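So that you can tell them apart, the chains are marked A, B, C, D and E in the order they are listed, and the count of residues begins at 1 in each.
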C-alpha cells in the first residue's frame, strides 16, 4: 500500500505528520509526500502523486484561513480535487480544517483528530472497503464526536 | 440489470438500504455497493462503480449537514457527479437529503420516501425510459407529495 | 433534421410538447425525446441524445423551483449542459423557466412562449444560421416581448 | 489572419460590427461570424468556430441583463469560454458589457469602446504578442479610460 | 530550468518583472513571458506556455479590481488555472493581488513581496521540492509576514 500525502506551507498545523504516524502504526505503508505552497496547488500535486508516484490513494491536507477569499480558494481547490479524482479513478481524501471552525487553541486537537480519523478511512478504502458499508448512514464525523444516526 | 450504490458514513440515515429493498422488490437486480466517508467522495466512487464494476446506473446518496460549509460541499459533489456522468454517458441519480430540509424527527420519512421514489425512477430509466415521458411536466417530487402541473 | 428533446418529470409544465408542435409545424423533423426525473439529469441525457441517438441539436427543458436549493441545482445543470456542448461540439439549447419568474397563473404562457421561441431558434441554428446574424444585438427575448436595441 | 466572432441576439447592442470594423481598418483579416440566441450558447459556438472554421482566435460578445439570474448566466458562460480555450489552446477574448454597468444612454459608447479596444488586443495577440509585454501592469481598461499603474 | 510567466495589461503593477528579477538572481533560468489583456486570459496563456513553449512551471500574475464582478472574474480564472494544471500535470503558481487587500499606497510592496516570495517557491518546486516539506504547516504567507504554526 502506497499513500500520497499532499499538504501546504500555508497551513498552520502539520496534519500530514499525524496522518503518517497513524498510517504507520496500523499498516505497512509507503509514503510519498509532496508539500506545496497553498491550497490551490493541491489538485495538481495530488494528480502528480497518482500518475508519477503510482500511489494507491492520496490524502490532501489544507487549512483555509478565516476570510471570504480563503473560503473561495478552498472551494476552488475542492473542485479541482474532485476533478483530479475523476480523471484518475483514484480517491483523494480531502482533509481540510478551517481556521475559524474552532477557537485557535482548540484547532490542533481538531486537526489531529481529523487527520488520524481520515488516515483510518484511507486504510479502509484501500484494504477493506466492505467495512465501510456497515457504517453507512451512521453520522460519522472526523475531528469531532460522531453524531450517529437519526432515529425515527 | 446492475445498479451501483454509492453512499456515505457521514449521512445520518441509511437511505441505500431502503433503495436496495425497493429495487429488489420490483426487479431482478445485482447490486454493487460502495460506501465512502463523505459526500465529496461520491463522484469518484460513482465513476469507479461505472467503469470498474460495470453497473448500468448509479444511485448516489448523501445527507449534507445544516451549515453553509455543508451546502458548499454538497454543491461541489453535485458538480462532480454531473461531470462523472458526462465522462461515462451513464446516469448517476443524485439522492441528497439536506438535514435542515425537515425537522429531525421527520427526516427518516423524507429520506426513505426519496430513496424509494428514486429507486423506482432508476428502474424506469433502465427498463422502460419511455414511461417517464408521460410524466413529463407533471411536477413529480421525491420524498414529498407531487405538486402536479400548473394549470392555465 | 433530428432534434433531441430532454425534459423532466419535476417540471410543472410540459414545454417539450409545445416545442415539438412548433418544430413540426415548420420543418420536417425527427424527434428523440428523453424524459428524466430532475434538472440535474439533463446534461447526461442531452449528451446521450447527441452521441447515442445522433441528433443534430438538443433542447433541454427545466423548471427550477423557487427555493435557493432549486436555483443552485439549476446552475449546476447549466454548467453541465455547457460542458456537454463543449465535449460534443453540438448545441444544447437550454430552455429553463423559473417557477418564481412570474405569477403561477402566468407561468404556462411564459413557458409556452419560451418553448416555441427557442424551437424557432433551433430551426435557425441548424437550417439557416446566417439568419441569426441580422438579429445580433437586437435584444431578443424568449417568453417575453423583445427589448430591442439600446439607442444612442 | 482569421477571426471568429460569436455574439447573441439577446444583446441590446451590436458590438460585433464595431469590432469587425476595427479589425478591417487595421489588418487584412477573414471573419467567420456565428450569432446565437443567448450568452450560454457562446462557449460551444466559439469552440465550433475554432475547430470547424479554423479561426486563429475568437471574440465572444455578450450583454448580460441586470438581474441576478443574468449574472449567473454570464458566469456560467465565462466558465465555459475558459474551458473551451483550454480544450483548444486558442484564445477566446470575452467581451461582455453588463447592462447595469453604466446608464442605458451611455451603454453604446462603453460597448463600442470595449469592442474596438478588444479588437486591437486581438490583433496584438495574433500578430505581435510581444507588444503586449510593454503594457504589462499598466492598468489598461477596455471601454473606460486606463487606470494606469499604481505608484509607490 | 525554464519558467513561463503569464501576466496582464489590466494589472496595475508589474509583478512579473519582480519575479523574473528574483528568479535570475538565484538560479540559471530561461524565461518565456506571455502578457494578455485580462485575468480570464491567463488560463489558456499558461497552458500554451506549458504545451507550446515547453516550460517546467508557470507563474500566473493577476490583480483583480475591487468590484464584485472583478472577484467573480478572478474566481473563474482560478478555476481555469487549476484545470489547466490538471490537464498538463504541471504547476501554475497563481500570484494574485487584490486591489482592495491593502491601501493603494501599500499595494506595490505587497505585490512585490508576493511576486518574489512565489518566485522562491517556484525554484523550490522545481529544484528541491523536498525542502518544502520542512515548512509544511508553518503558516507561511506570501506578501505578508508568516503567521507561523498554531501552538497547542
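Here is the rule we go by: contacts are C-beta pairs under 8 Å (C-beta built on N, C-alpha and C of every residue); 3 or more make two chains touch, one makes a residue touch a chain.
These are the chains along with the protein names UniProt gives them: A, B, C, D, E = Riboflavin synthase.
Source: prediction; values computed, not measured.
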Shortest chain-hopping distance from subunit A (Riboflavin synthase) out to subunit E (Riboflavin synthase): 1
Length of the line joining the C-alpha centres of subunit C (Riboflavin synthase) and subunit E (Riboflavin synthase), rounded to whole Å: 40
Separation of subunit C (Riboflavin synthase) from subunit D (Riboflavin synthase), taking each centre as the mean of its C-alpha atoms, in whole Å: 25
Residues of subunit C (Riboflavin synthase) whose C-beta touches two or more other chains: 79, 83
Overall pattern in which the protein chains touch one another (line/ring/star/complete/other): ring
Interface residues, subunit E (Riboflavin synthase) side, partner subunit D (Riboflavin synthase) - complex: 7-17, 33-37, 40-41, 43-45, 47-48, 51-52, 63, 69, 72-73, 76-77, 79-80, 83-84, 87, 104-105, 107-109
Contacting residues of subunit E (Riboflavin synthase) [partner subunit A (Riboflavin synthase), same complex]: 71, 75, 78-79, 81-83, 85-86, 89-94, 98, 101, 118, 121, 125, 129, 132-133, 135-142, 147-152
